[in-house]
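Could you have a look at this structure, given as structure tokens, before my questions?
Chain naming follows the written order as A, B, C, D, E and F, and within any one chain the residues start at number 1.
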């Protein structure tokens, strides 16, 4: 009898708190988005599953000795996991389009206005009772506008670990929602004629240029913004391994097994931050709202910048490609291509959008570095 | 800290940050243009300018020939063997 | 001269203890079983090698600063390695046969009687002078009857770390010996006629069912036995990655590189527990004996349960498939198939035995959770 | 603790544990049966009931067609090239 | 304005020290050797990149909390990374040539004279003002003569962590320079006639011999030099996994993904030791000089030993194969083949050189064990 | 410690170390020769002496037959299908 009672006391049924149930439903929702809707499944599946595991009563996944506790400590607290993802993404990224047309970096710069406007917005929210975002919090939230998962996780782990779960979930969710968020804004800010603009074909890029590119990016970052070198440096390392052509076995491993292993654990660790007490707050609502605003502003400022460049520049630019400047690689570039095809069925913008797309990755890494340097990392 | 003071700081951060992003990426544009010239000068000095101003060689191979020669060789051998076995 | 003496003093010859030599021979024996007899080589080879390394005098592999010390600390002490293996096994397991015929879970339940009977037996052994098993020790030993390596290692690392080496070695050795241990018991408890029974073909299972299955298993475990969620949760994560079809690159990595890397280190770390002072005790003899008993009882109760179900149930069940309920995937299912073919050359039981086989994995994970919950994890 | 007392506890553990394992797995049987019905209702609502009540699509592909179409295409190309080279 | 000043203060430009700039140029030099010259790119590329990262001002890659700090702590301080590389190299090595002709071990022994002569030379350098090498330092430097990267890193991490960066860079650089360093020495010490000697074909080796070989090597090391068992043991584990044929999936992972992952991190961690204050010293010049001497003496003593064996032994030996005894697998063996072909276009020495080549790996691991045992690990 | 003393120690280390390396590797030579005899005796006892005194079986397969039978089978099937599709 006594052991039956012990057994009952150790069931989940006897220990659930309402918050845990809600958070498990949130986890199930993320799994639904990942599996049924195929929204960023590589991260939302492990995040959703981690959210379920961390909210299991008694089991103690995220308490000292629990497996998610160790994974978080080793991978997120140290900042190592997002950096390894960045190395892998660097090894997966082809910068040809950007090297061929470096002016596209301006679009990647403009789209970061989503970040800085959101930072301002987050502080504005402090006028609403219940919100008390510090500048660090606001910076970590604003980075959602960078539309880059590992950058968001890296910055949040440094500036606002308590908000990490909500920030990461918002970042990946909105990245998945890019095909829904971006097209209306793109169409609102452009005319049918502008969307029909065809761009001239990109010149081929030599191997030497591709090898020198990551080194040049790293050099600039070292000179002007060392705070961004963890992110940019690992990214450039991955890209150099890819383009140098002399360490193919390392590059392949960084692109596949290593990034896969880290992705599983990163997702679980982020999910482990989705505990009821940290997530079920009014701040999460604010973060979700601000994230949507950030994406919208980023898209808009990218498009407007492209319009300005087309007007004042030497060669015509289809303003749609500006929307790819938020990053969200390669989803945003695909959306540009799709919206472009709707206006002109012979207009393939994909390659042209890859330039601003990868520029957006650099841009948000630079923005993250600035936020780290100015709000104190 | 009062919210207004925070707001001023945020505004400051917004302007400085956005400005810096632009400055940085404009410098990077200049840097890439210099890099391209440098790369051309290196490649011409190596006396094989034509193939180097094209995409990476392995990419070309995969796109142009469709099937790499080793695979063709392996399959040729397999077909040979197959025919021998099925005579 | 002096340095010659120092050199002599640092040789193995000058430092061997008899126990170390015996344990190295044990390690060689495990290597022999793994290489020449192909008995569970994936684990017995690293375990055997680890046993040799840990017993080398002077080298200090398992002392602070030694490589096996770190591997053990990081992987076993934390419980992370067996959980990662479980994730990989989940990604490798196809539950179709069980979903098509869920009653097979009863066989997986019955076979766990091997565990609980052995627990009782271990305490009975305390009447013999020299044995002083606590309830925790007895629970850790009994789990050998679960015929599942990572479950045994996980539970032993929590309840009886000192016995871990002997328990793991016994578990893997008996799993390898399944083709020798099970057939006589199976034949003893069944008639020739029973062994000839053909079972109706299993219905096909939809992708939706396969996706929902790991979630359902996890839900039940959360509700009724959170203590088992580390094992069951990681297993279900692996299976969900496999069946969801949206994260194939993660699933492939979990099934291959990740599980391989962890297997090497898990084996070495388990082997590092085969030090003379921990292994060369009368308790090890008891553990080896109890393990054999556990396997026998598990097999018998699985077969008897199958007979009962066949008698009282709606459709006929070949009682041989009950033997697969001990788990030991996929060896036990293959043994069932082989013994079935001996009685009826047209009777392929392999698919039917896969149901109880994977049910046995769940059953022993549940049993491990109960033992953790009741004897204090 | 006296061995007899331990024995009683072990007996208790055996009965509770074994009972719980059965209860749990019986509940799981019920759960799986419910799940199957739920899955059928989802799949029919999606209006493609036939392919979904079969093994996973990729498994089907591999079993039925033997060789995936990409491989066939690759090999066709290879054979074509092989013939050209060996004329 | 204030934030502009903060931003300026956080740029690299405002914080560079001259030493950091020099070390970054050293890192660029290593990248150049790796990429443009293809000198040992698998390690020199990550080492060079790590050298750049670690010298970035403000970023703090190698300070507590920085990613290279963690990588170094986890992988080099513990000695785990070089041991895992050794396991992978063991899984990649085929000992057939050595088993067929075990006398080649004598060449591997002779070439280690490069190590011990350099140890003496390092102490001799103490007569020059500015040098104050302890015996431990001298031992760690001397191991460069072993021409084996992981052995050098392992020993340096135990005996002289401060010199690790310079020692690793010297070891890998000279290994890359083997085609330049060795041929003149080989030609100086041999006559045209000697270089033309053709050697009899090697007998085939049975699987059983290949399986027993790593166990035999391990046994000898356990008996006579346990201090070398970390290196030799992991090497033999890798080779046993390879040859046993029963754990192919583990062997493949050890040869590919695992060694690749570790190589990336090992390189970065070694590079992180190339900080200005540790590297830009007169000692580094001494290390570079001594390393060149070590390679030269090792090559010479291998060739001379081969000449002696050819004169006094039963069968003729081409003295060139002695040069492969320094290890530097497989570069040294290829150099032997090339120099042999120059003298006699029908003389393929590659297979014959593989024997002394892998013997050199064992020889330098043994030498490392002796240095650890005698100068106190 | 005076440099001369260190030098003596280094000399000592050189002689002891180099001697030990030779002794160790000579013992290993003896050990390998014994091992070879032992391996032959094992292999002959197993009654299949011929294949065992050759390189590892998988190596042989790859070298002799060129293409493993599974690949041949897969390609045969692919060719069959290809022909059916292109009739």
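The criterion applied here is as follows: contacts are C-beta pairs under 8 Å (C-beta built on N, C-alpha and C of every residue); 3 or more make two chains touch, one makes a residue touch a chain.
Since this is a predicted model, take the numbers as computed values, not measurements.
Identification of common neighbours of chain C and chain E yields A, F.
Summarising the inter-chain layout, the chain whose CA centre lies farthest from the centre of chain C is B. A centroid comparison over C-alpha atoms places F as the chain most distant from chain A.
A separation of 40 Å divides the Cα centre of chain B from that of chain D.
One simple way to say how far apart two chains are is to compare their mean CA positions; for chain D and chain E this gives 48 Å. In chain E, 3, 7, 224-225, 257, 370, 374 are the positions where the chain touches two or more neighbouring chains simultaneously. For chain D, residues touching at least two other chains, in rising order: 13, 16, 20, 75, 79. The touching residues of chain C, counted against chain F in their complex, run 2-4, 7. Here chain C touches chain E in the complex through residues 3, 6-7, 10-13, 15, 24, 28, 31, 34-35, 38, 41-42, 45-46, 49, 52-53, 56-59, 61, 65-67, 70, 256-257, 260-261, 263-264, 268, going by the rule given at the top.
Residues 12-13, 16, 20 of chain F are the ones touching chain C in the complex. Of all residues in chain C, only 78-80, 83, 211, 215, 218, 222-227, 229-230, 233-234, 237, 240-241, 244, 246-247, 249-250, 252-254, 257-258, 370, 373-374 touch chain A in the complex they form.
Residue ranges on chain E touching chain F, taken from their complex, read 96, 98-99, 102-103, 105-106, 108-109, 112-113, 115-117, 119-120, 122-124, 126-127, 135, 138-139, 204-210, 212-213, 216-217, 219-220, 224-225, 243, 245, 359, 362-363, 366-367, 370-371, 374-375.
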